[in-house]
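Each of the next two complexes has chain A plus one more chain, namely chain B in the first and chain C in the second.
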Partner chain A sequence: MKKYLSIFNISLSQEFAYKMNFVMWRVRNVLHVVIAYYLWTTVFADPGRTVFGYDQAKILTYVFGTIIIRAVIFSARSVDVPQEISEGSLTNYLVRPMGYFKYWFTRDASSKFLNFAFSIAEFGILAAIFRPPLFFQTNILYLLAFLASIIIANYLIFVIRFIVTSVTFWIPELAWGGQFLFMVIVTEFLSGSIFPLDIFPATWQTIFYYTPFPYLIFFPLQVYLGKIPFPQVLSGIAISVVWSFALSIILRSLWNKGLKSYEAIGR
Partner chain B sequence: MRILYYIKVWWLMNIKYILPTLWHNWTLAVFLVGKIIRFVFFGGFIFFLLKGTNTLAGYNLTQALFFYLTFFLIDTTSQFLFREVYRFRPYIISGSFDLILLKPMSPLFRVLMGGADVIDLITIPPLIYLVFHYGSQLSPSTLTIAFYILLVLNGLLLAAAFHITVLAMGIITLEIDHTVMIYRDLESLARFPIDIYRQPLRGILTYFIPIGMMITVPAKALMGLVSPSGVLLSFLIGVVAIFLSLRFWNFALTKYTSASS
Partner chain C sequence: MDKAIIVDHLVKNFEVAIREPGIGGAVKSLFSPKKKTVHALRGISFTIQTGELVGFIGPNGAGKTTTLKTLSGLLYPTSGFVEVLDYDPWERKSEFLKQISYVAGQKNQLWWDLPAIETFELNRAIYEIPDRDYEENLNELIELLDLGKILKTQVRKLSLGQRMRMELTAALHHKPKVLFLDEPTIGLDLIAQQKMRDFIYEYNKKYNATILLTSHNMDDLTNLARRVIVINEGRILFDGVLEELAGRFAKEKIIKITLSSEDGIERIKDIGKVKKMAFPEVVLSVPRAATAVAAGEILQNFPVSDLTIEEVPIEEIIRKVFRGEKR
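Right after this comes the complex of A and B.
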């Protein structure tokens, strides 16, 4: 435990070593929220309007909520892993006395911690500038379910990222391509981080719910907003737990096969 | 003659990027599929949003889709032409930019247009078809079509100015990756008509960081919503932007230290 705490602290220091990179990354996140804020305030120019089951306060809570939840879910240092596999530097880690997944989970946790802290500040600043009407959930059961869904989502994104990363063992030239397609495009859209998924027709939503992606952002925010009856909240959490177990098994199998075919090319 | 020389240089420089990309089937397929999915998802979002709300800032579904298609056309074309900007940082931090400066051609031309992106090139023809398809539903006149084509070219001129500015900032700050991505994020503000933004942001996006002039104004011109004086103002802003970016580039060159070489 002590060595992982050290990894956490070192990783945190490394984030501060590239301050400009970090600041620019945060600026980009704020810009995404600003675009979404203006889009939805235009749609809800009439404050009494309800569209796609959202009133103005709920949609703006969704938009502002994505600042914090994106920071917690999507921030990760393990984005560098595919590059390490394709360059052969994964070898350096395999000979160290530590669990490889635990190492990256700890580094991701440090990145999430830092981004979470900044996202809270950004949330405060943007809320002070725009003064949006926000929805505050007061039902303790929903708040607990929201917290549980966030914890599960964090595990889920970690497993999904490493499954996508595993492809690099067999196709090294896809080190960045795989991340681009699955983590930047598919995950961002299907998680509901760019726009809420319930603007799509019911058939599309059903298809989306057959994937693990909505459980990353969309589902936790739906829980917070109280848009789902509580029994469905519980079944949603159960499904995301099942996804976590199933994908963990797939990852374990893929990773072990990948390590067998790993040749440390470039070393 | 000088233009012919640069066309030949452009072809020779870019064929070395285009052919290997075509041979890397996986890379080509993954990035192409990624770009298509992003296009379809955002298009789908706008389509279903407008199906639910009927209008966005006073624009109907076809108009909103046309704004989006114009954004994608200018964005994709500028990505195709100026992809080399994304590869500029290693030249600066390794000092190998020295070798570019020594060549008998404009170093700006080399680092701005030296690495065209074939994946974007593949997506341009279907995009032009979609622009034509949705544009024709807006009942444009010959004059508004001419304005649109000229203003799209002006948009590409503005995109060039932005990319030159990013390159110049790269020389001064050694930071390219995030600067160019912030440009992309700012550009994405025009995925929707800039009328959705309140003042002073709308004014900033029209005149100071002229994303609106680059993307929204061409689309509005086709809809007959821009006067001839507005078109002239767009060109003026395009010319001023390219002039200022070139001045900034020349200034940045004086700050290049050739470190690590």
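Right after this comes the complex of A and C.
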């Protein structure tokens, strides 16, 4: 345990070595919310209006909620792993007595911690400026389910990211591009972080719910907003847990195969 | 003495994908990959005793690095048997990894943006180094490698020589029993190279550590390793004491003569192959068996003020070996 606490600490110091990078990344996140805010306040200009089952308070809570949820779910240092595989510095980790996945999970956790702290502050500032009507969930069951879904989401994103990363073992040149294509476009879009997924037709939504992606952002927020009946909350959690197990198995076998073919020649 | 490393008929093949360029080629190779097999190691065998310092020599692509990587558990052997400190390296058990270290000249484990001391602290946790040993080992390494002043400097701001010494400190902090060094002196200036060699020598002596190193630098080998393993195209060409390499592969010896007069200097050509002739110095190469006779003849017939018999320089022998001029 002490091992991973040390990793957490050094990872935090590393983040501070790139202060400007970090600030720019946060600015990007804030902009994301500001844009969404203006879009949705226009749609909900009339305060009594409901669209796709959202009233003004709920949609704005969704928008402002994404700032914190995104910080917790999408922040990661393990985005650097594909490059480490393609240029061979993975070697450094393999010859040391520590778990590689645990190492990166810890480093991601430190990044999430830092981003979470900042996102809370940003949330406070933005809320003070725009004074949006916000929705506060008071049902303890929903809050607990929300917490559970956040934990599962963190695990899911980690596994998904490493599955995408594994491709680097076979196609090193795709290292960064693959991540970008998959993580930014597919995952952000299908996770509901750009806009809530219930604007899609019902059949699409049903299909989405069987993929792991909505459980990253959309589902936790739906739970928080109390937009789905509790039995459906439980079945959602069940599906995401099944995905967690299934994807873990896939990752392990991919990764072990990858390691065997790691480092072709010349290094 | 017990054996630290056992390698028996080790074979390692790589499947290298051949692919057309571009993203289209990449996608195509994903579904119907074309592959070529590269034979990096074609069945090598050797054993190394605890406390030995062994040098691996070979041209690029000979299989040196592949061997080291297989021994440190990075590569999965295609076939054959490998054992290091009674462990199968590929399993990468913690107890095994805590006793070895793998240092490659071009790779770094130090955190680039932080002072090296941060990496040392991290390694303290990763290798679970007890507090007392941590201080003691670190102080010793700092003194030996002269690092006191730059411990708190960001790694990115260190010179290559300084960084390599830091890397070595990071790699040795947990006092590994087996050390794999891949090109430890690459890119270093002559003084830094010498410092590095002195240190490796010291470490080997002091802790009776088993050290395997690869190098292109002949000085590394002549100064450090008593035993060398010459490897080329995945096969071991020679395994033994460095001096024997000359006896085995050099068909000739070198006679260096200093003459006191130029009289009849031309006749010296009949005795052996002239490698250099610039009065008063003459260098001849003569067949091994005929060395004594040739030397006697020279002493009798020429105004010699000095004469020495030497082995062909090790670099030259190795160059010959690699060019395929065997025996």
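As a convention for this text, the second predicted complex is superposed on the first by the 263 of 267 C-alpha atoms of A that agree within 3 Å, B and C clash if a C-alpha of one lies under 4 Å from a C-alpha of the other, contacts with A are read in each partner's own complex, and residues count from 1 in each chain.
Everything below uses one rule, namely that contacts are C-beta pairs under 8 Å (C-beta built on N, C-alpha and C of every residue); 3 or more make two chains touch, one makes a residue touch a chain.
In this text, all values refer to a predicted model and were calculated from it rather than measured experimentally.
Once the two complexes are laid over each other on the shared chain, residue contacts for A:P229 go to neither chain B nor chain C. By the touch criterion stated above, A:S13 is placed in contact with chain C alone, chain B being left untouched. Within the superposed three-chain model, A:I171 lies in touch with chain B and with chain C [touch as defined at top]. Once the two complexes are overlaid on the shared chain, A:F195 sits against chain B while remaining clear of chain C.
In the superposed model, A:T42 lies in contact with chain B only, and not with chain C. On chain A, the surface touched by chain B in one complex and the surface touched by chain C in the other have residues 171, 173-174 in common. Chain A makes touch with chain B in their complex at residues 20-21, 24-25, 27-28, 31-32, 35, 38-39, 42-43, 51-52, 171, 173-174, 177-178, 180-181, 184-186, 189, 194-195, 199-201. Considering their complex, residues 2-3, 5-7, 10, 13-14, 17-18, 88-89, 91-92, 94-98, 170-171, 173-174, 259-267 of chain A touch chain C.
Those residues of chain C lying in contact with chain A across their complex are 14-17, 26, 29-30, 38, 40, 61, 65, 69, 72-76, 92, 94-95, 97-98, 100-102, 104, 107-109, 111, 113-114, 118-119, 121-128.
Residues of chain B that touch chain A in their complex: 24, 26-27, 30-31, 33-34, 37-38, 41, 44-45, 48-49, 52-53, 56-57, 173, 175, 177-179, 181-182, 185-186, 188-189, 191-192, 196-198, 201.
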